[in-house]
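After this come two complexes, each holding chain A, first together with chain B and then together with chain C.
For the complex of A and B:
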C-alpha cells in the first residue's frame, strides 16, 4: 500500500546506492547470521542470552544506567536512539566471560551441524 | 488534652461498618500524591499518520504479528523471515518495517526514509523514523497485547488462572480526615478517662510508648519483635483505639479475674489478642520503667508449644507464630470471611497480609499458569548484587554512575525475588497446551500490597543434608523510603508485553487509570541480629516522630539515623505512606 501522496517529500529515496549495495557479496558473518535466523537458532540463542544476562544482573545494571541518564537529561529529552548509543558500548564490555563462552560454544556446535 | 495521653478504659462503640483502623501518623506527606500513568503524547508525525486512517491504520502489518514463546511479539511474514535493510543490506539488531510502504530499514537509514511511521520488527513497537524515537498508539498496542495474551492462554480464555481470592476490583476510597471528638464524645472522654502520670522531666522529650522490655531469659527474640509491633501504626491504633478490649473479651469468654479462680488456669480461654492489648496498655501508660512481658510470654508458650523453652529462638518464627496466635483466637462467631488474603479475618491479617502472584510459563508454547497465595511477609534470599558485570564496568571506565560492586541491597533482593527463574529440568511443569511436561519459567510478583510490609532476610541457613547451620553476616543496604511499584504484578506483567502505552492491573487486564499511590512505603522499624547463630542478640531500631531509637531489651536510647543505616537488618518493617478508609457498605 504505497501511500506516496501522504509521504513527506523531505528526503528522496536513495535508489543508486541501493543497487550498488545489493550487488556486493555477503560477508561470512552475514551468511552465518542469516542461517541462524532461518533455522530459528538465533531466536533460541537470544532467549538463552537474555536469561543469562538477567541472572547475573547485567540487565539491572543497564536499566540503572538508562535511568540515571534519563534523570539527568529529563524524561522528555531522551530518545531510544540516545539510550541505545549510551549503553551499547558499556553493555558489550560488561558481558561476563562465561556467558560469552557459552554462547560461542552454542554457535560453534550449530555451525558444525549445518552445512555451509 | 492530647488524645495520645489518654488511656481509654471504656468500650468505644465500634462502628463495624467503617473499617477504619487507619490513621495518618506521619506529619509529612499531607497532600495527596497522585501518580498518574504517564501517557506519552504522540509526535506530530504519528498524529498526522493516524489522522486519515483511524483504527485500521496499521491493519496490514498487524496481521503479521507473531508471538513467540514467552510472549515476545514480532512482525514476520513467514516464521523465520530474514529482514534486511533496504538501503545497506545489513541485518542489524534494530530493523524497522515501514507502515506505509514495503520498505525495511535499519536505524542508520531510518531517518532517510520517506515515510515516518514504522514498526520495530523484533519488538512490535512503533517507531518514528523522523523523531528517532519510539512512539505509542493505543489501537496498535491493544492489538499486539491481545495477540500476546491469546498466545499465553488456552484458546483465549485463561481457564487455569484461578481468580484472586477476593474481589480486587477497585473499591471506592474515602480520603483520610483527621478525627476530632464532637461534644458528646468530648464529654465521654472527660468523664471516663484519667490523665496519665506526668512524664519525668528527663524523659519528657521521649515520645509516648517508648519503654524497655526486660529480658526474661534469652527472650530478646520476642522483645525485638514486640517493639516493632508496638509501633506498627495500624496495629498500635487498633489496640489503643480499644478495638480489642481484653476485659470485654474475657467477660465474653467467661474468664474470671478473681484470684481464687486463677488456679484453674486450664479453663482460661487463651487469647493472645487480649495479652497484646494488655501489653499496649502497659507500654503506652507513660511509665518509663522497663516492662516484663511475662504474662505474654506464658500465653505465647501455650500457643506455640514446640517453641516453649528458654533457649534462643528465631525472631521471625516468633513473629509468624504471634500473628497466627492472634488470628486463631479471633472470635469465630463473628461472621467474617477467613480468607487471609482479604485481611478481613483479624487485625493481624488486616495489617500484614498481602497477596503474591505466581506465574509459570511454558518455554515451548508460552502458555502461562497463574496462582495467588496470601502472604504475611516476604522472605528474601540474601544474595550479592551485581557480581561479575559490575566489576568489569568498574575497571572499564570507572564511571561514577555504576553501582558499588558486590553490595547487597534490599532492592536487589526484591529484583531477584521477582525475576523470572528457569525451573530445573527435574522440575518440569505439565503444560496444559502442550499436554506434556515442559521446562518452564517461574515468576513471582506482588498482587496486593499489605498495609505493613515485613521483609525477612534469610540470614540463617540450615542445611539438613550437612546437618549444619550457619549465619550469613553479609551487610545489606536498605532504603528508608521504598517504592514497591516495580514489584507489583501490574508492573511485572507490563514488562512482559514490551513497551506499551497503557498499564495493566494485577490480573493482566489492561488498565486505563492512574496508578494507585499506595505503593510508597516508609521504614519504621528494623530488627537486627548480632553475634553468631547460636549465641546472638536481637535488638530493634524504631522510628518515632522522625527520630530513631534503639531498643535493646530494657535499654532504650536515641540514636542517629546513620547507625540504623549501618545495622545488620534481619527484619525490616515498612508502612504505607498514604492510608485510606475503605468506603462502608458494599461497593
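For the complex of A and C:
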C-alpha cells in the first residue's frame, strides 16, 4: 500500500530550464538578431524599408488590394489574417529591386562590421 | 578512375572550405530582409484592417451606397407601371412629390393681388399687359412703339 502511494508521488524531476539553454548552441542568426536589436540597427533598417516602400508606392498598392478585398467580402467580415494572407505573396514579389538591394547591402555591411 | 574521384573530392572540399563568408552573409542578409519585410507587411495588413473595421475609408461606403441607389433607380425606370400618367405621384431625386397644379398662394408683386401660384403665369400676362396698356394710353406720342410692343 505504502509503495503504491509513494509510487504515485514519485515523478520525474521538472527539467531545469537553464540546463536546456546551455546544451543548445545559439544559431548564427540568433546571435546576429540579438546584435541587430541591441545596437538599434534592426529598428533603423525597418524604418528605412518602410520609407522606401512608401516612396515607391508599394504601400499604396497593398492598401488598394486590401480595399478591394474588403469591399467584396464586406467591411466587418475581414480579419487581419485574411489581409496578411492576401498581401504577403504579392507584397514579397512587388518589392522593387533597388530597394531590396539597398537593404541587403545595409545588412551585409552590418554583418561585416560585427566581424562575423 | 580513383585519381579522378580523389581529385573531385579535393576540389569539392576546397570549394566548401574556402567558400567566402560572402555566401554565408548573403544568406543571412536575405533571411533578415525577409523578416523585416514580413514585419512591414503585418503592419500594413493591421492598418488596413483597422481602417476597414472603423469604417474610416469613406469612399468604400459611399461607393456601395451609390451602386445600390443607382441599381434602385434603374429598376424604377425600367418598371413599366411607372408611366407618365402617374406623374402626379412620381417621386423626384429628393424624394418629394409634386401635385400637377401648384397650390401655394402669394401676392402678385405687380398688382398686389392674392394669386394661386398655378395661375400666376396667365395672371401676369394680363396684369403686366394692362400695365403696359396704361403706359401706352399715357404716352400718345409713342403709339408706333406701343403698336410694335402690343401683340
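Keep in mind that, in the parts below, the second predicted complex is superposed on the first by the 86 of 116 C-alpha atoms of A that agree within 3 Å, B and C clash if a C-alpha of one lies under 4 Å from a C-alpha of the other, contacts with A are read in each partner's own complex, and residues count from 1 in each chain.
The working rule: contacts are C-beta pairs under 8 Å (C-beta built on N, C-alpha and C of every residue); 3 or more make two chains touch, one makes a residue touch a chain.
Everything numeric in this text was worked out from a predicted model, so none of it was measured.
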### Task
Determine, under the contact definition given at the top, whether A:95 touches first (chain B), second (chain C), both, or neither.
both
### Task
Mind working out whether A:79 is in touch with chain B, chain C, both or neither, as first, second, both or neither?
both
### Query
Touch check for A:66: first (chain B), second (chain C), both, or neither?
second
#### Entry: Winner by number of chain A residues touched, once chain B and chain C are compared
B
### Query
A:38 contacts which: chain B (first), chain C (second), both, neither?
first
### Query
Do chain B and chain C touch any of the same residues on chain A, and if so, which?
33, 75, 79-80, 84, 95
#### Entry: Contacting residues of chain C [partner chain A, same complex]
21, 24-26, 28-34, 36-49, 52-53, 55, 57, 60-61, 63-64
### Summary
The residues of chain A that touch chain B in their complex are 1-4, 6-14, 17-18, 21-22, 24, 26, 30, 33-34, 37-40, 43, 47, 51, 54-58, 60-61, 64-65, 68-69, 75, 79-81, 84, 90, 93-96, 98
### Query
Inside the complex, what are the residues of chain B that reach chain A?
38, 48-49, 52, 60, 68-70, 79-80, 82, 86-91, 94, 100-102, 107, 111-116, 127, 130-134, 363, 385-390, 392-393, 396-397, 399, 401-403, 412, 415, 419-420, 422
### Query
What does chain A use to touch chain C in their complex?
28-29, 32-33, 36, 42, 45-46, 49-50, 53, 59, 62-63, 66-67, 70-71, 75-76, 78-80, 83-84, 86-88, 91-92, 95, 100, 103-104, 107-108, 111-112, 116
